[in-house]
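Please see the structure below; I have some questions.
Labels A, B, C and D are assigned to the chains in the order they are written; within every chain, residues are numbered from 1.
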Amino acid sequence: MGSSFGTLFRISTWGESHGGSVGVVIDGCPPGLPLSAEDIQAELDRRKPGQSDITTPRKEPDSVEILSGVHDGKTLGTPIAMNVRNKDHRPSAYSEMKTAYRPSHADFTYDQKYGRRMAEGGGRSSARETIGRVAAGAVASKILKLGGGVQIVAYVESIEDIQMPASEGPIQREQVEATPVRCPDLATAERMISRIKEVRSEGDSIGGLVTCEVYGLPTGLGEPVFDRLEADLAKAMLSLPATKGFEVGSGFAGTRLKGSEHNDIFEAREGEIRTRTNNAGGVLGGISNGETLRFRVAFKPTATIIQEQDTVTQAGEPTKLMGKGRHDPCVLPRAVPIVEAMTALVLMDHWMRDHAQNHLFDFNPESSNS
Amino acid sequence: MGSSFGTLFRISTWGESHGGSVGVVIDGCPPGLPLSAEDIQAELDRRKPGQSDITTPRKEPDSVEILSGVHDGKTLGTPIAMNVRNKDHRPSAYSEMKTAYRPSHADFTYDQKYGRRMAEGGGRSSARETIGRVAAGAVASKILKLGGGVQIVAYVESIEDIQMPASEGPIQREQVEATPVRCPDLATAERMISRIKEVRSEGDSIGGLVTCEVYGLPTGLGEPVFDRLEADLAKAMLSLPATKGFEVGSGFAGTRLKGSEHNDIFEAREGEIRTRTNNAGGVLGGISNGETLRFRVAFKPTATIIQEQDTVTQAGEPTKLMGKGRHDPCVLPRAVPIVEAMTALVLMDHWMRDHAQNHLFDFNPESSNS
Amino acid sequence: MGSSFGTLFRISTWGESHGGSVGVVIDGCPPGLPLSAEDIQAELDRRKPGQSDITTPRKEPDSVEILSGVHDGKTLGTPIAMNVRNKDHRPSAYSEMKTAYRPSHADFTYDQKYGRRMAEGGGRSSARETIGRVAAGAVASKILKLGGGVQIVAYVESIEDIQMPASEGPIQREQVEATPVRCPDLATAERMISRIKEVRSEGDSIGGLVTCEVYGLPTGLGEPVFDRLEADLAKAMLSLPATKGFEVGSGFAGTRLKGSEHNDIFEAREGEIRTRTNNAGGVLGGISNGETLRFRVAFKPTATIIQEQDTVTQAGEPTKLMGKGRHDPCVLPRAVPIVEAMTALVLMDHWMRDHAQNHLFDFNPESSNS
Amino acid sequence: MGSSFGTLFRISTWGESHGGSVGVVIDGCPPGLPLSAEDIQAELDRRKPGQSDITTPRKEPDSVEILSGVHDGKTLGTPIAMNVRNKDHRPSAYSEMKTAYRPSHADFTYDQKYGRRMAEGGGRSSARETIGRVAAGAVASKILKLGGGVQIVAYVESIEDIQMPASEGPIQREQVEATPVRCPDLATAERMISRIKEVRSEGDSIGGLVTCEVYGLPTGLGEPVFDRLEADLAKAMLSLPATKGFEVGSGFAGTRLKGSEHNDIFEAREGEIRTRTNNAGGVLGGISNGETLRFRVAFKPTATIIQEQDTVTQAGEPTKLMGKGRHDPCVLPRAVPIVEAMTALVLMDHWMRDHAQNHLFDFNPESSNS
């Protein structure tokens, strides 16, 4: 269990890498949304392997088929199931992994938990399972944009110790997509690309940070006390493969400020109550405050490396293992659309929840005879 | 909505600061657990205000009453409701806050979301709501310890820029409780206490980091792909007031390592498969791997400061506000039992979920006629 | 587990008969609803024991205390906890029941499931647990009436073989409340009262049928395919103590009609699409169709009788047991407000769910640049 | 929303009649279960159209494809997605239904709720959506049988006014499958078949009752107070198309008995505590008591009839409509495997829930140092 996400805009995913297919069903999508396979495919193409010379060479078209829930080009309000067939299986590349545990992979823990696992390509623990998330996220994103004018933009802020300079003003998706590394600062992007290639040539891997910003989000999203907006975002991000950390607004650095430095002063701007600074990162008390929502996600270096490593067999015998599968030396560029997708899913769900409770009735006791 | 947490060991909390009471009901607690109000009170006393000279002087006995679910000293398997009356109300201290928004507090967002709020002491957004969490967590902790031998220990690792040295080996709760600041390194604790007093004398506030470690956790807890153990922990921590970040294992620092440096090599130790290092922080692929579970939580400096600050009224008019309520200059010491409580709730829920799916039947098709 | 109900307007109940208290917390109540303890008490008084000479003589004031979620006479949008203290304990009346199983009571199954139980008065399995349901239902009812003009009226249609004649037109609550048996037909009510007194004098008990009708319900409530409106109503009713059956519209009798007799023909009336007959009972395909929602609930005769019965002890030894606790010879009259409460909870939850998905955005792709 | 069912053994279904496909994903299936497409297909074949001369002539092979979650012939513990393609589309048969509302169908309410619908064959409201339920139920049934020795047998007890005599002793599936009408009493079955053919020749339709019995169910399943076993069964049954009623044990007839007649006396039989009679139908206080679980479901006559009926258009204009689609004159025979599937899903989920809470730890406080 654990393959469903969301309360009202609820998704359930399935599929193993090197199994028959991966997919997702969305339950709760509002009816009337114009939707086609192209809307989904566009996002899957940003996630798919083999899209540039700094990602894994595995060739997967990742073509999506919409199985249900859309008719005459619009959503019906019924479940939307979407399926992607796996194509480029090379199970032979994984024969050793059936018995030896790859370091920092989930082979060992899946065996411990379920008493069995699909060894090829990591099975369910492969990042291929995120295809369903991206497909569902594409639907949520379209609703948020079309219905609410909300824009979600994620980008690679740092790789290893290469950090882009602080941006001024909103980032556009075009800037992010300008290079295959998805860092909107071109000079930094070039250095990142070189570093990735260098590391790959050494058979090694690197990690980094993805930042996500949301523009145009209204106030009021987030359900205290447990389902605060940042709590559900943190869960969404830490549910992604290879993530090790999450921070919102001032985050870890904010712990070194005094309250008098950290507090965001309220002021009126153009008839609206706004904050002068945004250390909060767009949330106060777990609820969006109308400022840019801003958070950062830490991705560890890819566990698969093309170097011989010590490990043990299922029986606990020492052995050595040499990475062979096709892999990404750095997952960050392909993580960008996945972070956006999870963000869209969280926001969509919270929008619906807020709407249900707080925009249902306008009580007018005077006009009533109760 | 949003005041429930957990799937099988599920809690629902209620209550506003300065309202009648705060409390919690647990649904799903296993029957037969020896439980008394004293078990709960011991943890509430670690959380309560006025416990030392570095916390808020608000006087609240925080006496818990068990309303249901316990009979003859043992849990019945039925819902356990627990209630704590609010005593030390001083609503007059909050009269200005009814119309002016306190910077970096949730006054503004509650108004935006619900169209109303209880202004006194922050109402539902006050950290008083965590009383219910601590009460429920005390039950979960006792089960984990008694049934599974699991020990959860959180401590204050840093305050502002004062950081304790890396510990060697497990931390004992006695070390944590040795000083009111709950940093197990005595020399660091003294510096922290001085710093808190100094900041308080300036009417200012500071934040810091709480680290939590879990010893004795078995393998197999965590439900991929969304309800990974670290994902639910991240959500639990970011659902706490004043938190801005979460990291597990190597966390943000790990993004600067290469894969060959970061990977945790498997080896056999005393007949068990273990890892040589623990950059993972005890989870692989979202499932506990038998190593120490280790994560860190960032708390911002307390928003309430005793200094005059610019702000606006509900109508958007500029005004000034001077903090008056009794408050903690640094929430970290009292956050320790709260972090432990949330950790216990997550672990208990995951233990039950894993047990339900993976330890239900041992299929033996040969002996069956199906 | 199992003590929570609803998705968005979600309640969690607690409490044992003869324990400290019984209560409920509602999570998800819309803010701004005028609400006082009197609103709740009025419904609890309709449910409470000792209200007439045909109910149990147990004396319980069942005074409700609102612990949270209401401020200045209006709901805050935060959890509303409500608690009722148990007063009239007579545990001595139950001493034999600690070891001997009362026939057709839950003593045996609670022991089997939990390995223990609170013997006094049935503990959690007592109908006293419905107090929390009635309290929460009172809130839901008030919202439905004030916000949506929806009226829920349940009544006793039959007791044993005494059946009221078919009513013409809507039933008013005043008619129902005119006699203590809560049958709106006065002549039938008198016969029912006599029968109940007669049966009580024999130390025996009887059951019957409660019918519930909902007037003014709009179209569109119900979430196919599993959470159909009638499915959630069926669950709600079968979750009540002593219920053995549920039918909606034509129900069991409808299975003897031909399709050509059973189908409800559509027609236009006063500018609205309506049906000529209402065999459907107000739902088509799981969704309300704008006609009167009508269903019926079967209650078995009370299990407690004042006659000596054979049974066994916990150890399986044959013994005899004589009913002693104060009890209702017929639960129907007091079941009426409980059926109404559960109906209100189901409708409220479905209203919120429908609102969230189907009244969120009005997509206008032309005006968008997506 | 509303297309998911269950808490731990949780299914989500998708698909419209005459859309691309219908399917289901199961989250929470225990690992290690031997499972093949044949296991699923066997149950789908019992449900599929065109299986005999008393069902609809629509030709659908209903071939299932397992998309995920099974490897080397066994379940992995990961989500099991299963998909069935729709083949025999004849959208032209439904052209009139795009604008005119079929009486007692869900066309009108889907339009009211979602503002749109897929008119062909009823879209999502078609009984084709139950394919996913049957596929998932086949998995649950196999686990219950293999892991717990539980046997679920449903059968047609009555059609219109043709009622089979009371059975003595357990019904075997072979008896049920002996005739296409699935009534285990052969003489009654013949009369039912004749009646169905007769009604079909008149272009009319009939309904009836399905009874379901579960043998070998242990004590302890059911989660009071809301998720009683019979409450979840009632919901499951009323969530099926065309159902109008549910009763367990003595049901509606039991309301005419006195308590002294209705109570089931406990006795010891072969070392176990059993009841002499089974008016309870296998549940006491919402928990299984070890006796045969027995309940009955009322199905209305099929709404589609081949007769001209009055109705209105979407605009409310009077019109006439003549049924044209291929349909079942009586849904009962094909409902049998569907009722069994839903029963299996409820029992499986409850087994897991009971296991999680009540069979997790055996607390032994003496041996602990807590």
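The definition used in the following text is that contacts are C-beta pairs under 8 Å (C-beta built on N, C-alpha and C of every residue); 3 or more make two chains touch, one makes a residue touch a chain.
Treat the numbers as computed from the prediction; the structure is a model and nothing was measured.
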* Structure fact -> Neighbour overlap between subunit C and subunit D returns A, B
* **Of B-D and A-D, pair with higher C-beta contact tally** => A-D
* To do: With chain centres taken as the means of their Cα atoms, state the distance from subunit A to subunit D in Å.
  => 38
* For subunit A and subunit B, what's the span in angstrom between their mean Cα positions? -> 25
* Structure fact -> Distance between the CA centroids of subunit B and subunit D (whole Å) is 44
* **For subunit A, residues contacting two or more additional chains** => 1-4, 8, 13, 28, 31-32, 77-78, 113-115, 124, 224, 353, 356-358
* Inside the complex, what are the residues of subunit A that reach subunit B? -> 1-5, 13, 101, 103-106, 108-110, 112-115, 124-125, 129, 158, 160-161, 199, 204-209, 219-220, 222-228, 230-239, 241, 244-252, 254-268, 271-273, 275, 279-281, 283-290, 298-305, 307, 309-312, 316-318, 353-354, 356-358
* Report the residues of subunit A in contact with subunit D in the complex, numbered from low to high. => 1-4, 8, 10, 12-16, 19-23, 25, 27-28, 31-32, 65-69, 71, 74, 76-81, 83, 113-118, 123-124
* Asked: Given the complex with subunit A, which residues does subunit C contribute to the contact?
  -> 7-8, 28-34, 77-78, 142-143, 145-148, 224, 351-353, 355-365, 368, 370
